[in-house]
Structures are given as C-alpha cells and as structure tokens.
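Both of the next two complexes hold subunit A, though its partner changes from subunit B to subunit C.
What follows is the complex of A and B.
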C-alpha cells in the first residue's frame, strides 16, 4: 500500500502519531513491548489510515470518516450499570483500566497491564495482516484489559460480564482469554459510554477455545452518539469446540467490528449471530473473516440489521474454506430492514472455497416490513405504529431467542426493545 | 348491523375488478352464509370488510351500525368490533403468541376507552378460552402461528375471536383443512359466541360447515355480486345440484 504514502496526512492521523509521541512514556510495557508499539506506529505513520481503495475498508473509509481524536486521558469515574443478567459475575474496566483485585470464582483473572509490564504481551501486539488497522491502533496504545484463563474442564454456570465503562477520551483495551479443554462458560463483553463526551475506543479480544470447550461470547456495544468504536475479536476454535458468538451493535457514531475467526480443529462448530440497530447519522461496519481451515467443521452466520434515519450499515462476510477442509458446512445470511428512505446498508458476502466437497451458502436480503404481517396485526386491532414496532422487534428477537439461556435472552431483548423504543 | 350497498372494488395493484355491485344486509344476531364457486370474490369481500389496503373500493358503501367504515384502517375497524378469521393465518416469527394476544386485547380496549387488562385477568381469560377450544397450552408458547398445523391455526383464529369478543365475525373458509373432529370444536367455539347483538358471516365452499353452524340466511356470490338469497335450504340445494342452475338463472 505504499501508493498511499503520497496522500496528505489527515488531522486524525496527525493526532494519532502525536498522541503516541506524547504518551509513549507513560504507556505500560517493557522493552519488547515498546519496540512492538514502535513498529505498529511506524506502520501507521507510513501507511496512514485506510481509504476506500483498500478493499477491506472499501465501505468504511476510515481516513475520511475519522475526523478528529479526543484527548488521550479519559476523565471521570462513573457508576457501574446493573449487569444484564442479575446473577452474573461482573468485572469492571473503568476508563480503560482494569481492577487488579477483580476475581471470578473458578477462573484465573489477571490484567493486561501486568502482561505489558512483564513483556508477555509483546508477541500479541502484532497485526493479522496489512489491513489490520485496528490491530495497529490498539497495539500502539493499549494500556490494560482483563486476562482470563478458564482451566481445563471448568464449568462456570453464571455469565461473566466484562463491563468496559468510560467517559470521554481515548480507551484502548485488550482481553486475552483462553478457554481450556472441555471448559464451559458465557462471557459478555459490554462496552458502555457513560457520558456524552466524545470517546475513541479500540478493543481487541484475543480468544482461544481448546478442544471441546463450549463457549458463548457476547459483544454488546452501547457507545455514545459521538463515539468511535473500533472492535476486534480474534478467535481460534479448537477440535469439537462449540462457540456461540453474538455481536450486538446498539450505539456509537463510527463503528467497526471485526470478527476474525479461525476454525482450527475438526468437529468444531461456530454459531455466529449479529444484530445491528442503527439510527441517527451513524456508520456501522461489521466485517467477518472466517476461515474453515480443517475438515469436518460447521458454521452458521446470521445477521439482522435494522436501519433508521440516515444511518449507514456495512456487512462484509468472507468465508474461506481451505484446500483440505473437506466436509465444511457453512451458511451465512444477512437480512436488513430499511426503515427510512435515507437509510443505507451495504452487504458483501464472499465465499473463497478451495476444497471440493463442501456445503456453503450465503444470502442477503434488504426489505421493508412484510405488509401481510402488518395487516394481520392491524386486523386484530393493533395500531399501525405499534404493529410496526412489534414486527421490527420480532425481526431481531428471532435470532436472540436461539440462545438457550432464558435470562440472557430476556436481557438482550430488553436492550433491543429499549433501543427501538428510543429510535422508532 | 352491516349494510353493503352497490359495492364495487378492485385490486389496487392491477385494477382488476372483483366486486361488481354487491348488496348485502346482515342484522344483529344473524348468521349469514356466503357461498359461491372459486373466484367469485368471497375472500376479497372478507378482506374489504376488514380494511385490507390491497383493494380499492371504487363505488358504493359499507355501513356498520350506520357508520361508513371505508375510511377506517384495519386496526380501527377491529377496535369497533369487526373480526376476520383468516383462511390462511400468517406465521409471524419472533412475535410470541401470548404477547400478541395481550397487545391486541389491550389496544382494542384502549381504543374503546376501557381499562387495560391486568396480567392475571388476561392469563385467566386465555386459559379458559384455550381449554374450550382444546388448545394445548404449549402451542401458545410458540411464536404466532409458527409451526402450527392447519387445524391449529384455525383454532388459534377462533381463540382470538373468543378473546376479542367482536360484534361482527367474518369467517373465511374456516372449515378448509379441518378434519371432522376439529370442525366440530371450531363450530362449537363459533356457536358459543352467538348472541342477539352479534352477527356472523360464514364464508364457505361447502355445505358441511353449515351442518354445525346453522345459518339464518344463505347468499350466493358469483362474479362479485349476490345473485341469490335464501334460507338454509338454499345451501342444501347447492350441495345437491351445484352452482350451475343458479348461475344459469342469474345470467
């Protein structure tokens, strides 16, 4: 991408480099970490933020969309919201800082700050590929996060909720999580803005599922209306492991959620579900790169998007089936309800299949509410506006209901219906 | 209760005229059967009564308790007590049946200026009505009509009718797809709602349903007009001789 070095540096790009130069001294990390950070910042300096000419960023021209950066230091302590599920174990990130005393029974909990200081974080401060701008930004600036280790065979009954709470400012967090063989758990990664001030957030979750692990991982993004959220989930799924990955976007001004999934063990199953609730003058991009890299693995990906006002949504879904990944079964669907004439959604499903004995499919639909459904509800006396709200809610609730934990389903439905009530 | 005068209506999308000068009067307390061959406009008539927007009334009027209802949308008509039991109830994934019932009942009550039902009161009503119709409570836990068999869908329609307590019930081919036991249950449900201030219009193809829901009047619909009106013996005559004779006379 050297051709882009000729383009002029934007205010946001200059601010990124500037912020690094000013704060490199107080970012945690040993020598190895500092050189890893230096390499990433150099890359940003040389290549800048990606434009539409970079295929992976074609629909989210970060160079144009990211106008300015808030000051580095986030400010203000805030009260933690109630957990989604009452019985959950909650660990809180406050303005990008983990609590060194946080603990969850049955789980080894550490902080990323400690990993940075020890230098064990250095190898992870790397990019997946040249287009991994989120990896570059996060790796340059990350300060803290929780490190969770689920021992082999452990079963954690109640969900664990990581509450990433912040006010205005820059927040860069990372969550390395390993689920030991045959462990079982539900983790909710919840990003919540607690003030209206502008925040710039990057967050990388680096997750591995060892053989036979059974994991539900939920990303709930509820950033403020002027916030930028650059999220990335890197996941490796081992043999016979089962992963339910659920991503809900219900906030933010400029959002990119990257899901980089490596289905790496035979018999692995991925169930990926996404809900994008988009309104106002916002831009939200979900980009999935899913590799089926060994034989006999399965996955389903379903995204439901509801777009109001002048919001723009993007879904890029790439499924790659490696040459020897025979008997892969992968199904992807992206369904969108456009609720206004100015709303936009771009869906780009892609299949790249090298094996010859696989079942793969994808479909994308964009529609308004089904008139037959609307008529049926109205014929029973439900006024038009209420009937429409019920149908929008149903459109997204349908996939939430696939989670078999009743308390969790109810909690997510409350988030969704609350958002719809505020926006519809 | 219902007076339809010289009604002309067409499909909004392509302008095909379906109802061509239809006249019909149904009094409170009356059970009126509308029979007719395929394509005569029976279902269209039921949709127009309910206010479906795919049809356009070009002439005539529909008076319900003396009020012209053509300008009202389906929800407003329903709140005034008009209920259509659909021939093919749609499946709506993601909408829980119980939630739907509760919202429908309460929205109608709100529109009429009545207090909303409390949850225990609502539950009790549903439980009682479902038991009458031999509806398995598990069915009500599913999304609306999703995965219901044909018979279950028809029973669910009658359940809605029983709960919403409409004044004008329109049953569109409620007998289609029902075996004889289910037919009896559904007919009992309809008969249980019979009252002097309620009228029922039974749209059907066959005499069979009319053995169980006995009509006061029978009307033959053909090419968008009522071409013959009689009492219940007319249905038997149609059953014996088919529509050809009557159509021949009218032509």
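What follows is the complex of A and C.
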C-alpha cells in the first residue's frame, strides 16, 4: 500500500470547479449564501473528491468513479409519473425547480429558492464533517427544493409525495423539513429520471423531528442507467419521536445514499430499512452513520441487497454510541444475495461504543439463494427460474411489509417486483 | 473451575497496578549507536555475520522505508515516534553464541527463571508428566538459547534463531523470507525488514509431525531499544507444527517500540498452529510508558488442504496494532483466528485479522473476544474477502465485546467483501456490559463481585481459551484476571 501524497485534479473535479465559476452568477442566493458557497467550493478545490484512502469513501472512490459531468442546464423533461399511492398529495420538482404555488393541506410549504434569496438558507449550507462531500457539492450548487413545515400536533392522513423529476443535466436540490412536536405524517421522496440522457443529481433532505413526532420517510430512487445520484438524508430525532426511514434504490449508475442520523432526544425509537436492487453496471453505496447521543434510545436497522449482473453494492453502517448514552439498544443487519458471478458486494457494519450499559449488535451475511429453499419450491413443481424469482422477491418484500399503510406497501411491492422482472 | 479459582486467588494477591514482569536486569550489553542509517544496518548485518544478499535485502527495505509514511488509519493515538532516538541493536555481551546453557550469563538465566520459562532441558526431561516444549529465548536483539535442538534435529525439524538460519540454511531463508510479508508491505514491516535483529526460524520437513510444542520468549530489557524480531515458519507438505510465543518487558516510563514480522508458510496438507500470549508492559495507571506493539503477522496457506490457525491472548502493550492474517491460496485450505484482547487503564488495541479467500472451497473462522475496562479503547478490525475465483468460500465471524466500566470504548470495524456469488459469509458482532442477571446470580450465591466478574469473563472467553495448548491456557486465564485487576467498583 503506497501512500499517494499528491494527486492530480481529475476531469470531473475540474468540471465541478468550472461549472461553479461559470454559473455562480445565476445561482440564487444573497451575500451570506454566496460566501457559504464559496467556502464549500474552496474546500472542493483544495481537497478534491474523496479517494479510497478516505475511510468513509473506502469502497466508493469518487475521484475515480466520477468521470465526467453533464452540462449544468437540465433538459428533456417528459410527463410526470402517477403517484405511488393514488390518494397522495403530490408536489413536483421539475428539473431541479420547485413550483412556487405548490401546497399541501395542513402543511406550510415554501421553496428553497426563496430561502436562498433571503439568506435564511446560509447556515444550513454547511458540511457535517470533512467527509461530507455530498454536502459540499450540494451546498455549492443547490438551486431549489421544497421547504415543509408540519405544525405542532398536525396529523396528515395521506402520504405526501415529492416527485423530483428530471431529464439530463445537473440537478441539485434540497428539502428542509421540520416535523413539529407530536405531528404525524408520511412523506415519499421520489427521484425519477424521465429520459435516458446523463444526469448528475445531488439532493439533501434536512429533516428534524421535534419531541413526540411520528414520521415515515421513504426515499425511492429510480434514476436512469447512466445517472449519478448523490443523496443525503440528515435527520435529527427529538425525544420520544418515532422515525421509520425506508430507502429503496432501484436505479442509477453511480449512487451514494448517505443517511446521517442524530438521535438527540431520550425515548426516541428508529426503524431504518433499506432495499437495494442492483443490476447492470451500477455502483451503489448506502452509508449510514447513526449516532445514539442521549440515553434510553432504541433503533433497528435492516438492509436487504440483491445484486445482479456486473453490479457492485456497498453498505457501510456505523452505529455510534456516545459516552453517556446509556441504555441504548441498537441492532443492525445487512443481508445480501449475490445473483451473478460478476456481482460484488462489500459490507462494513461498524460499532463505535463509548457507553457501557448498552445492547448493540450487528450481523451481516453474503450468500447466494439457499439451496434448501429452492429445492422446497422446486419439489412442488415450480420451475427453477420462477422459484428463484419468488425467493428473491420474498427476501426484499419482507422489509416493505413492515409499513402500516397497505396502499403504500402494495405500491412499493409493485416497484420491487417490476424491477425484478426486468432484471431477473 | 480450578483455573477459575486460581485466577481469583491471583487477582487477590496482587496489588493494583502491578505488572509481574516489570523487573529490569543488570546485564552487560553491547549496543549499536542510537538512530537509524545505512551504517547501522551494515553494523547489524556484520554483527550477525550475514551474507551479502541479506545485507542488500535489508538496505533495499531501508531505502524503501525512507519513502514511506506512517499509517494513520488505526484507531490509536500516540505522539510521533522519533525513529532516530532508538537503539536498533542491543545484545547481551557474550563472544559468539553460547554452545550450551553453561555458557549463558547466569543473570540471563535468572531472567527466564523469573519469567517462569524453563530453559534447562534436563529439568523438563526429569518431570515425566510434564509436556515438553522446545524454547527459543530472545533477549533484546538476539536469541540467547534454543533448547531441544538435537532432539528436534532427529525428527528433521529445524528450530533455531533466524540469524543462525541465514548462515546455516540460506537456501530456505532465501526462498521464503519476505514471500508472505514482502519488504514493501507496510511501514513497520519494511522497517523490520531493514533492521530485524533476531527471531525464530522453523522448518518442518515433509510428512513430519513436530514432536513437541515450539516456543519463543521475547524479552525487551534495555532502555530505548526497539525490538524487531522476525519469525519464519515453514511447514512442508503434510507437516504439522504448533508454535507459541510469549513476550514481556520491564516497567519503564518511556514508550518502547516493538515492530515484529511473522511469516508462516503452509504447503500441501500442512498445518501450522500459532499461539501468542502477548504481555508486554502496558504502561502504568496514568498511561505512562508501555510498549508500542506494531506487528505484522501473516500466514500463507500456499498448498491445497493446508491450514493455519492463529490464537492470540493480548493483555499487554500500551498500543497494539496487529492483524494476524491468512491468505487462503490453496484449494480447500482453512484459516482460523481466535483472539482475546483485554485492555485496561490507558491501553489502546486495534487488532483483528484478514481472511483472504483466493482458492476454491476455502473456509475461515474468526472468533474475537474483546474486553475493555478502565479508560481503554478496544477495536476489532477485520477483513474477509472472496476473490472472483474463490468459489464456495465460507466464513463465519463472531466478534463480541464486553465493556467493564463506563469510560472505556469498544469498537468493531469489519470489512466484508464478496466477489463470488457462491461465497457464503456470515458475520455477527455484539457489544454489551456484563449481564446484571449473571452477576446477580453469582453475588446471590455469596461470590464476591470481583471473583464473579473474573468468573463471567472466563466464561466469555472460553471458546478462545480452548484453542490454546493446555499449559498456556491456564497461564492465559491468569493473565486475563490480572489485567482486569482494579477495573471493578
């Protein structure tokens, strides 16, 4: 292992800096925002994109994997897809732009563009730590997004679907969302490519749950087969709040989904679930950093991955228990099915524990489909290919079934089985 | 139960903060000047009467080392090491190597006596029941004595210090040295390649089952010296050998560096069992002093159906940075790693293993038990990978951490990489403190708290202790008890 002390700027790195220099004039934002952007771009200029030597990016060497960037201006939009759940309230982002007139009953809806222009967005354009490359890129280029505020005690029955639709080009969006105390809602954050052209997407959801909020947040990523998707969900969870966070990856060429969760209030309870459907030449990385920072909190994390073709999957899951976070109960599991000889998967489930009165564990498996299960089905006259498909489907659908909302479960199962039919 | 009781008694007898092996011995010593340079390397090589190729090998490594940077990825924290403030060569003053025990400095023999290591063959031979163990004792930079050489030679087993082997069996050394851990491997391994002073060499010929346990005891005695030993073990086709190393050092205020390299080569159907009881001086209660233990250990299952098994009990050292690994190159080869890592006081451990599956139908098993007490930090870092051609690779990993006290940290960092769909990897890890229920159960039966904890800890590490040769299992259990001394209450 040789240390490389100096490194050349890559084409993609140069393109990022160039794009910023060219377009800084037409990015929205007041003085405070502009200086925040400048700081982030300077950081990118000095440190470049992360390589495998950066531990947090060990399996996703962005410097090598990100080859080139598409033009800044997105283009090529077609019609919006139907919402996952028929009764959902839909708000649409088109090519990275929010609709200023969008509204959802019971929720205060604003645009991030307005926040940027007013300058109230400036403090949020910061990075979580030095490894937060997504925060750097998104903060430098972000144009728009929805700002949602769920008032205290509000209960929204039907899911809210944010449709982030785009064609080719660069799209940088941000969704600051606050759930007031004891509010209750389900939000679907859906990223969909509507054309085959190459897109470069960065998206940050900056979410806070006040005390006692009860929230289901679903990220469904269905980018095109040549797209780069750099997604980040930052969540702060308050006391006695309940969070169900589901992340489903079913597209994209180079994908990194970062979940940065700060469990900040006692009595908080989290269920984090992930389904990664990987096929073709995709490189998909899900990185979770979960900080249990106060006593008496619980969490479970289950990630299921199915890897076809020449796809490469990565799961990095870090549970951190802070010094005084006694009585933490955290369990994480990551199970992977490798469906082809050219498929690869790397898992790094980490525990970092500084408190002693805790129960923490993780498990990880990588394997092919269990021969016994296959035999069981085939013995009942089900052909091999169908039996395999059934088992794979069951393996991932199990996760989705934990959701309470039946219509939502059905919709997500349709997405999953549709994807599997196309790839199996 | 007897062993458990012994642990408890041992713990009671000993004052808090006492390191049993902390004595220093006044022995006349010959040292090379402080610091590191080509001259020093030439000096070491000349002292060892090495052939030219060996010197060149060292110099190559040294030049390479100059271009390298110290790794910073491990979860350990220490001030920068001044590599020019270390003596790279220190040897008890004797002219040429001792021919028999009578020629060895009596002070030295006392050292080993104090350590409880029998060097006198006849004593062992007299005790009919006692298992026989051949010992190679390394004091600072040189091997002082190797026992049972003749008897081993009868079986065809070569067991000697590596410096002797360089002179007497250059063809074997040339063929295998650096073939598992190349001189370019990592910062400390490269440093070791340049300056290694002594260590053990074992060659077990085809079809031979080594008739006794082999063991090496390492002792750092001199101030400001670094110990850089190099061990090379080769098990030829169908051979079997079990090897144990133990290490101790005097109590000192400053830190001392220990950067060893161990290479194991197992050919077709061969098996090597390597056990370590590492008890370097861990520093005092305030975290002052102690050994920096930066070690590269790697086994190469080069032949089909070969097996390498690592067992380690780590209780000493201020900082441990060590990943005994297996390269499963041969088809149907097997790697095992059993570890107990105990940290107390200000100790920092970053240890684990690598299982690199390259051949077909290879399997590996990892059992790691970490126990953290005091304000120590205990990290398991392990890698399991299956190469694209490693069909039917199997791994099972279990790493459990036990926390004693609320100021220590336990961390688990596994890297699981599968590039073959027929690979089956299972990994599980848990972290918790001693179960209240178990403790209550013991206390309620009148077992005092400290004894109860020793009992529970011994239960926690049982799976690993079982893997140790019997006589060392008892020693290891005692050590764990002593290491955790003062961590309760």
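The rule is short, and it goes like this: the second predicted complex is superposed on the first by the 418 of 424 C-alpha atoms of A that agree within 3 Å, B and C clash if a C-alpha of one lies under 4 Å from a C-alpha of the other, contacts with A are read in each partner's own complex, and residues count from 1 in each chain.
Rule of thumb we're sticking to: a contact is a pair of C-beta atoms (placed from the backbone, for glycine too) under 8 Å apart; a residue touches a chain by one contact, two chains touch by 3 or more.
Quick caveat: nothing in here was measured; it's all calculated off a predicted structure.
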(message) Which partner chains sit in contact with A:381 here, subunit B, subunit C, both or neither? Use first/second/both/neither.
(response) first
(request) Pick one for A:55: touches subunit B only (first), subunit C only (second), both, or neither. (result) second
(message) For A:372, using the defined touch cut-off, is the partner it touches subunit B, subunit C, both, or neither? Pick first, second, both or neither.
(response) first
(message) Applying the document's definition of touch, where does A:127 land relative to subunit B and subunit C: first, second, both, or neither?
(response) neither
(message) Looking at A:71 after the superposition, I want to know if it touches subunit B, subunit C, both of them or none. Which is it: first, second, both, neither?
(response) neither
(request) Scan A:409 for contacts with subunit B and subunit C and give back first, second, both or neither. (result) neither
(request) Quick one: classify A:27 as touching subunit B (first), subunit C (second), both or neither. (result) neither
(message) Let me test your reading of the model: by the given contact rule, A:397 touches which partner, first (subunit B), second (subunit C), both or neither?
(response) first
(request) Specify the partner with more touching residues on subunit A, choosing between subunit B and subunit C. (result) C
(request) Spell out the part of subunit B that touches subunit A in their complex, as residue ranges. (result) 50-54, 73-75, 77-79, 84, 86, 89-90, 92-95, 100, 103-104, 107-108, 111, 143, 160, 164
(message) Show me the residue ranges of subunit A that touch subunit C in the complex, using the header's touch definition.
(response) 1-3, 5, 55, 58, 323, 326, 336, 338-341, 343-368
(request) Spell out the residues on subunit C that touch subunit A in their complex, using ranges where they run on. (result) 68-69, 73, 185-186, 388, 401, 403-433
(request) Spell out the part of subunit A that touches subunit B in their complex, as residue ranges. (result) 371-373, 375-384, 386-387, 390-391, 393-398, 401
